[in-house]
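Every chain is named by a letter (A, B, C, D, E and F) in the order it is written, and numbering of its residues begins at 1.
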Amino acid sequence: MDQIVTFGEVLMRLSPEGNKKLIQANLLEFYFGGTEVNVGVSISNFGGNVKHISCVSNDFVGDTAIAYLQKFGVSTSAITRSNRPLGVYFLEVGAVMRPSSISYNRSHSSFSEIQPEMVNWEKAMKKAKWLHWTGITPGLCKGGYETLKQGLILAKDKGITVSADPTYRSGLWKYGENAKDVLQDLLNYSNIFIGGINEINEILGTNYTYSNEDFITASKHLIKEYPSIVKVFDKIRTAINSSWHKIRARMWNGFEFRETVDFEITHVIDRIGTGDAFAAGLIYGLQEFDDYKSMEFASAACALKHTYEGDINYATVAEVMGILNGNISGRLTR
Amino acid sequence: MDQIVTFGEVLMRLSPEGNKKLIQANLLEFYFGGTEVNVGVSISNFGGNVKHISCVSNDFVGDTAIAYLQKFGVSTSAITRSNRPLGVYFLEVGAVMRPSSISYNRSHSSFSEIQPEMVNWEKAMKKAKWLHWTGITPGLCKGGYETLKQGLILAKDKGITVSADPTYRSGLWKYGENAKDVLQDLLNYSNIFIGGINEINEILGTNYTYSNEDFITASKHLIKEYPSIVKVFDKIRTAINSSWHKIRARMWNGFEFRETVDFEITHVIDRIGTGDAFAAGLIYGLQEFDDYKSMEFASAACALKHTYEGDINYATVAEVMGILNGNISGRLTR
Amino acid sequence: MDQIVTFGEVLMRLSPEGNKKLIQANLLEFYFGGTEVNVGVSISNFGGNVKHISCVSNDFVGDTAIAYLQKFGVSTSAITRSNRPLGVYFLEVGAVMRPSSISYNRSHSSFSEIQPEMVNWEKAMKKAKWLHWTGITPGLCKGGYETLKQGLILAKDKGITVSADPTYRSGLWKYGENAKDVLQDLLNYSNIFIGGINEINEILGTNYTYSNEDFITASKHLIKEYPSIVKVFDKIRTAINSSWHKIRARMWNGFEFRETVDFEITHVIDRIGTGDAFAAGLIYGLQEFDDYKSMEFASAACALKHTYEGDINYATVAEVMGILNGNISGRLTR
Amino acid sequence: MDQIVTFGEVLMRLSPEGNKKLIQANLLEFYFGGTEVNVGVSISNFGGNVKHISCVSNDFVGDTAIAYLQKFGVSTSAITRSNRPLGVYFLEVGAVMRPSSISYNRSHSSFSEIQPEMVNWEKAMKKAKWLHWTGITPGLCKGGYETLKQGLILAKDKGITVSADPTYRSGLWKYGENAKDVLQDLLNYSNIFIGGINEINEILGTNYTYSNEDFITASKHLIKEYPSIVKVFDKIRTAINSSWHKIRARMWNGFEFRETVDFEITHVIDRIGTGDAFAAGLIYGLQEFDDYKSMEFASAACALKHTYEGDINYATVAEVMGILNGNISGRLTR
Amino acid sequence: MDQIVTFGEVLMRLSPEGNKKLIQANLLEFYFGGTEVNVGVSISNFGGNVKHISCVSNDFVGDTAIAYLQKFGVSTSAITRSNRPLGVYFLEVGAVMRPSSISYNRSHSSFSEIQPEMVNWEKAMKKAKWLHWTGITPGLCKGGYETLKQGLILAKDKGITVSADPTYRSGLWKYGENAKDVLQDLLNYSNIFIGGINEINEILGTNYTYSNEDFITASKHLIKEYPSIVKVFDKIRTAINSSWHKIRARMWNGFEFRETVDFEITHVIDRIGTGDAFAAGLIYGLQEFDDYKSMEFASAACALKHTYEGDINYATVAEVMGILNGNISGRLTR
Amino acid sequence: MDQIVTFGEVLMRLSPEGNKKLIQANLLEFYFGGTEVNVGVSISNFGGNVKHISCVSNDFVGDTAIAYLQKFGVSTSAITRSNRPLGVYFLEVGAVMRPSSISYNRSHSSFSEIQPEMVNWEKAMKKAKWLHWTGITPGLCKGGYETLKQGLILAKDKGITVSADPTYRSGLWKYGENAKDVLQDLLNYSNIFIGGINEINEILGTNYTYSNEDFITASKHLIKEYPSIVKVFDKIRTAINSSWHKIRARMWNGFEFRETVDFEITHVIDRIGTGDAFAAGLIYGLQEFDDYKSMEFASAACALKHTYEGDINYATVAEVMGILNGNISGRLTR
């Protein structure tokens, strides 16, 4: 009973090197990612025992995706294969006032064919102690929603902790279901809420502001509506421009409000997956530390992720703790 | 009335450098191609006036595809945009006894949404003297078949020459129509047949062998069934292995059988698009030379294409003629 | 009558990747550029209809230069060829207090052979509504000066608007003519002056300071001397170091002085061609907006250019407008 | 009891791209390999369940080596860490008459510290059915010899099949032991001998020639001296030059001599690890096929390896079987 | 008598491109360096006549290392060869709060075999006017200590100026000698001390703080103990994070304390070797300028080094003087 | 008196990677070369003491060219600088029947400004025992011819051996002199003739065929006309195509005709500079071996050069001798 399980699409990311636009390039770097993959790999890099559940293409692209997860020690035994291609996204990395830009090719991907009967949740979660989901998966396709729900029902039955990152992205939700209805449904099976005012307002239909006062009120409101939820964690990004961000976090754990100081990221290397690094830090942290320390760990992990290329966070626990212990001047380690 | 028109999907090709497999790489080279695109760009490189008709994605990938065609002087004014992603294929380049391997991501691409009403054939072919089609497009989707047929009908009306390369590929034809029926239908609007025994047997339901005798008989049979067809050109590849090929061609032009000698390609650089280079050479040649010279030109063009990376043939007329004039020892030009 | 015409040398830029010096490298990235090329391509990227007039080498380098312009939709029909090589420049990109460094190989290039009889201005400007010139071209060679003057005379005759960016660069002007005399001559045919105090002082032989008061006085003085000029636009760069700049602009349009706020470019990616991006933004803007909005558009375009590698500005109108609408925090677009 | 166990050094390979010499380069491609690693990864790529035992550096280089094995599904649970650096080798890839050249940095590597007490063979081989060793490991250091011997003793006790590839390399064996003595000692625990006349002569102190007759006699002699050995397999390479090889194999399995035909490798991509690919093919084959088919499978695997860059064989069983079924013309797979 | 002599290990540096971690890469950039090499090459780039004494591997790696020094005009005539491999280090370049990380493979390198009898100091220093040493060399191995000492004794005899950069690095000093004892011994032969409070405290066993007052007292104390030392120069780095540093310097030259202002390095490209650039600037400066100007030159050289990739400083005297003359805004040079 | 002196232009070579055309690329590999540079560097790689005389650009390109020669141990002390740019050539590497293609940018290069007074031949050849020239230099510009002639006169005076490779290239000789006249003039100062029937026919105005009989007659004829010439060496290339060549050599040394067997180069990596490798091998050989052995050495060196990328031959004497000793199967060296 010590495995952390993630479920979601494995995406291939294709991006020109550096800050080039596609039209300038003839080479693309590729990585694999996807929000739940990023969370799983990051936890594995922290030393966690992680299994990722997905459906990938039955070709050399899917083979490579599976090898990528294995490389980071993530179990791929519950991944199924489909004759449809792996989802892909193209990324142009911006700078200063130029935003990064993403173009997706995922709506008919191998994962879009996922159906409840393709995942043996009982077997896949035999040793699980934690299940993490995000709002991307139920937003992709009906099968994603229904398959996830099977997992959540089983998790509830077996007393497995469930973390929810309901990220609302308007470009999804094209298959017929309403985001609000689905997220409300799934929150009933969840214990840890990773999200901010935008997500709470979307789910509750409210208009809370970004102030700490409203955050506390909104969190209480959310917990009241969804009593399985016991803690709310929110990561706050202040973007001076594409290349210079600040990150801090705040929480309401049912009895206490706490807030961290800002980490200053003066030279952003890659912001993709930084929210996932926060979620991963939190999931790992909550198994090792108290709530506040977990949040601090998560925000340091999130800040560190901005310094790695690609979607995933390579930081180890020792590296995150180093940041928390104040070693932020980047002194060379030999 | 001097434009050559091609119609078909623009595909992005993604391949690891050299002979690497995807699992070994973290960089991919990309090119744009697609069988009819390859024909069009090659003819433009010969100095022809080419327009390509297609439907590409409405994002920076589609922008880049259009810019790619413009770079080679191909008119893109008749290309429409769709909210679906551009078709993609992954290629691992083999060597010696290891075959190259392709994985497609095209079945729900921007082109797969093509419908007859999206192409204004009247306007697009205002200045056309030639229209080229292949069996890939009607094999992809019903809209591809129907849109192409509109163009062929108009071509027949206006007396525009039509070349057909009915390449039969069993991995296509998933949308409900039968390859044989569709190809038979479209051949009625075609004048130049570019294909061999396999294609003729598929279309006529016959069992001709590869011998020259059978080729002549089969060609006569084909012309009898489809009287609009006046000439048959066949490219013959002898593959010693992935890295060493020979190319020759033969023809039946209604009254005469001719055959070229083999070009020996001892070090294949890239075989993708070599059939398209043959078709392009033929289409260009038939406007400048007699039938036999056109076939020689086409087979030299095809042979030369094996020496270029990517899908398209960069050879100029002077370069192809140089080969035909016997300069095949690769003497350095300064 | 809706084409924008640019005239000048097409240069190949060769630079080691990143911040490497040539002595550290064995690979060079190449782009094509040249100040008037950069202006033309940027306007084409804004959706303008652009024709570039030049003379390039009659070899595969010149072929590639022409293909490069075509890629961005710029008409190359008026480009002539010469047996001399294309002009080249080598660039080492600096950082922080290290300046970037350029070494030219252009003085005997294909463009240096340009002669008035090589350009059929009447034909080339048949549909033109705007002609843009810079001080580089008349500074390169006598043929550049004389050929340009033919175009300017015709523009004046036909009522085509002329913008002048008289950039004075002391490394040029080696062929016998005096910069001041030539620029004075050419300004008589110009309507929009894009330049600052340095250029005005050089032309008028004055000593105005950089203050806004002096800018207004100098502009009035310039307009008095050259009555065809009706508006003066000046881009002001504040360089903290090679990697951190600020950009703002000011104008005197004959009756009103206006000034924009600074754009802060905290992480300069590539500063080459940023002045050209300003000119392009202005030329495009003056056809769509009022003077102040045009200047704002131009300075946002200029600021954005600092985030693209290479000489040209890839920004679209929507992207520039996004910046003007305050979206400067680089929020990811999906 | 179904795991195949390999034991030996993990080496990092560093080589300039293509055929460059180090003095021409400033980039190096890196792979991980080592003869037993290559065997293990290849078997894993065939679908085998493989565990590799080694000692790697306790730094980010060692972390990356472990991740590399994991990527290919090889179990790394029995790998220990040392404070010494990972072994490295530099490779310059030759062509035609220029030989490839290797320079090692391994004699004080992390693996050179291996000692019997660092490997818990009982635990590591709990599920093993096969153990493979080569003459490299006992040639590196006394600890390598002694640790390997512990494993072999246990294998004999438990009835685990042992394959031996006693590759004699004169550049090793610097630590005091005599190659002949050690190899003789270890052969007593081995069942399948993978090697040729050179190795047999080295071990027996004989002078057999390369003829088939002598091969049979030598094999019988070897089996007589080391009765645990039951089968002898020999791979024969005919090198026309660095870029063109032929591969065939022969065997004496105690009662029958068989020989395969040559595979012609007209364009060698990378010959490193081709012997290991033969061993891997044989080990896999002997569990699935009869002796002759196993040898055929091994020689096809070996031939295919010449088409992959890097040290390891990426071929799947289906790909090797394709070659054996005569598909050697490299026909494109879609 | 005008040569500057450096003595120490030549190391190969291997690092993934940009900010990648090794686990993300399959290409490594390589440079050669080593603290004394960096000093020597930088002085040669300033126009100095430099000879470097070392022992490199007798393989193509060592050949390339020697060619690298020759490229920058450093004399390699006194370099010997060993059968052991060249020392190597792997570097992962950090960003913002992520530190850069180094892993060494040098303890059994070719240089580790250096012995006094391998260097003919009399011949090697025949034309020397200056000898520079650092604390790395005597910390590596006993032979390094003893060989260096022979050189220092000769330098003292011949009146050659000796600069000492006693950099104390705790990861070294594994071979039996005590850092403090050895450094104390070697300082008796040295004239210019390049180091700060940490080094002085380590050598004297004191606890001075970083204040200017303590620096002066500590310097006086050091000079009193080691009367051959006449001047102390200290470089002070303020690291905001891995990507943003400030550099200034201070000195006590026996009668005067001076301090420079900070250079702000807002975008660090590569911090490796910046201390060596300071030492090189100082050694060059002390032969051309007064003490304060030398220190200014050294700190500008150090600041500039942060803008070059790799270990060495490419700046020329003119480029450093440009910075000192206030040209720090990175204005493009043409 | 033991230095070998070469005189000629240093060219920068720019070529897309692999077999790409410029239009496909955005990266260029660069090398430095030039026919006499190639000869000099190759001799230096054989261990010869070489000085190269030239005139390079006074910018960072010229700095890098000088560093390149230094890297290979060639003395650059007699190289002068000019304000004109370094000569450049672009190369597209062909394959099979596609020829490689070169485009030059050298006619107004730094070397084109060479004048007799810029070279102090007396000083530069103080220690010379050999001077090598080719027909490229006098074909470039009058200054090249006149400066070379000064050197040849001095060589004759001092009894320095002169080798002549009169390579006739019709693309040169644009400055007014007639190739035949100039080459005849310069041959009067030469002793070793490296060239074939084409060159002899050009110089003598004869029509000898390629037969051995004619070669002997032609050589005798040449020696009769130019009695300073004592030996004639001819390299014969048989090109099957761009990728497959054969190389042999023949000689007439005044009393004996000899011929070598063919070296088969089945996979040409880079043919640029192979003639220079032959000349370098010959010049080195004639100082160590008899005439026939020298010619064998030269042809093996020439063959080996086809396996190296770039213009120069990296082979050592040991590597060439290995080929001569029959080790042409490319057996891996460890």
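Please note the rule applied: a residue touches a chain if its C-beta (ideal position, glycine included) is under 8 Å from a C-beta of that chain, and two chains touch if they have at least 3 such contacts.
In this text the structure is predicted, and so the values were computed from the model without any measurement.
Considering the contact criterion stated above, the chains in touch with chain B and with chain F alike are A, C, D, E. For the touching copies chain B and chain D, the fraction of interface residue numbers used by both falls below half; the interface is of the different-residue type.
Overlaying chain C onto chain E using CA atoms gives a rotation of 120 degrees, to the nearest 5. The centroid of the Cα atoms in chain D and the matching centroid in chain F are 45 Å apart. Separating the CA-averaged centres of chain C and chain D is a span of 62 Å.
Within chain D, contacts with two or more other chains are made by residues 18, 21, 23-26, 67, 71, 101, 104, 267.
Viewed as a contact network, the protein chains are fully connected, with every chain touching every other.
Within the complex formed with chain F, the residues of chain A that make contact are 24-26. Residue ranges on chain B touching chain A, taken from their complex, read 14, 21-23, 25-31, 57, 59-61, 63-64, 67, 84-86, 88, 90, 92, 101, 103-105, 107-108.
If you check the complex, the residues on chain D that touch chain B are 18, 71, 263-267, 269, 303-304, 306-310, 314-315, 319, 322-323, 327-334. Taken together, the chain C residues at the contact with chain E in this complex read 18-21, 23-24, 94-102, 104, 169, 171, 239-244, 267, 271.
Here chain E touches chain F in the complex through residues 67-68, 70-73, going by the rule given at the top.
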